[in-house]
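Chain naming follows the written order as A, B and C, and within any one chain the residues start at number 1.
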């Protein structure tokens, strides 16, 4: 099978386990990919732990993701006790790099759902978008830098907030080459892209 | 059905779900609309969580809103266990924008009641006003800026504190055009506008 | 019924509900009236919450008021479970204005007792005075400014600490016009003025 070239920004390659989802960050040095990792273990006392040098806004994002994923699970898989009975830990490598901002919202929700379903997300997919408490996908910054970072990491499918579509349309063609952008107004659309095989059907999902 | 123009400030359009209420903020950059979002889920351990980069005064506002909404529920719907037995989460997008001040008080109360009743509030309505612990609606700043922001977001009904009526009266006609202002001294009046179909009748409500 | 003139500083008018008591503050801008509001609700887990942008000294005042009011209740109304079994919330509008100092002590005690008895205090009454842990009423500053503020808000009865009687006596007549000052050395005297109809009789109270 040959020895794959190690890509520091894409260390899971095409084999991210359940709970691991690629996000896109915008830093003072440009764009970067990052993974949101969630793992869980049965425990006597359920809790929710976060690590990864997150700033205050990002810490709040984990709470929003947790609340929203709890609501999604209650609808899609009511018997799933992941949020109620497990010790859940969400981490963002690399631990020494400070991270902040709300744009990992949809990535965090997807990471939690992937862990709760124990099902990996679609390969070759990165995503960025703030999540509201009800699942609205809100605009983010750094579309160009994030697009470049995704390609650098060898990823070709990116989910952006619908409100950023105009930013994408304005990018030069050389930036967009080889990339497919998907746009979401609601988390339901992210879900359909992350879990194309179903897992559980979104209640009332249209065929759009 | 055509392609709707995305309005970043009004991303729920006319279809805000239960728990979501539009407020009006006054920032150094002018007025802005914002949503207060409340969601809840049954849990083994009731709690109250807030996110959205709130400053200290706004955090206190959430406590006042919680206490007052608890009192209202006890009167209107005594069997409603929302405050006692649910995990309640109140959030204000956008997560990276610091927010502060007491003027979202009535919006927060309405968001909590809407979530507790599982009933959306009237469409095309935004509101601003400090709430006292007993339901008095106290004056706010930035009437002009907030009026402009409401119209920019396509909202035509605004609830202001009665004490701000003089500020409204002094506005130029071009600011007020297309807007209908409602004035409240007590939360009861906000309730009647937010839940026009009733839900539960306010005890001792007059027909005014 | 005519259109009443809205008084921002006296928004309860003559109809303050149980738990609401008018205090007097002394600020860098002069005197001001403020309300101490206490509400309570039955809960599984009793607690005591404070809001209103209180500074450290004022926060300590709420603790002293709580301890002293608990003692008073144990004497006057031993079966009253207000302090033991209720969620109690004390708030001072307006939320964005920082407040500090110990002079709201007797107002806080009265607010707690009014809420515990579920009985409003006498109308047309404002008060200012530090409280000791045993109910002594200690002197405050700003007698003149507070007198002016009371009259501006349309209040004619003020309770001052006995130790401030000399400050009152030295005021010009135009300041005192229309105002009646009452002086207290002990909280018992405040109690008699706030609850003239009795509620519960102060143990060993004289007929003075």
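Following the convention adopted for this analysis, contacts are C-beta pairs under 8 Å (C-beta built on N, C-alpha and C of every residue); 3 or more make two chains touch, one makes a residue touch a chain.
Here the structure is a predicted model, which means the values were calculated and not measured.
Building nodes from the protein chains and edges from chain pairs that touch, which of line, ring, star, complete or other describes the result?
line
Among all chains, which one's averaged Cα position is nearest the averaged Cα position of every protein chain shown?
B
If I average the CA coordinates per chain, which chain comes out farthest from chain C?
Computed centres place A farthest from chain C.
Take the average of all CA coordinates in chain B, do the same for chain C, and state the distance between these two points in whole angstrom.
Centres of chain B and chain C (C-alpha means) sit 30 Å apart.
Would you mind pulling out the distance in Å between where the CA atoms of chain A average out and where those of chain C do?
53
For chain C, write out the residues touching at least two other chains, lowest number first.
There are none in chain C.
Would you pull the chain B residues touching chain A in the complex into a rising list?
Against chain A, the touching part of chain B is residues 6, 8, 11-12, 17, 19-20, 35, 37-39, 41, 43-44, 49, 51-53, 87, 89, 91, 93-96.
Which residues of chain B touch chain C in the complex?
56-57, 60-61, 63-64, 67-68, 70-71, 74, 84, 101-102, 105, 130, 132-134, 136, 138-139, 162-163, 165, 185
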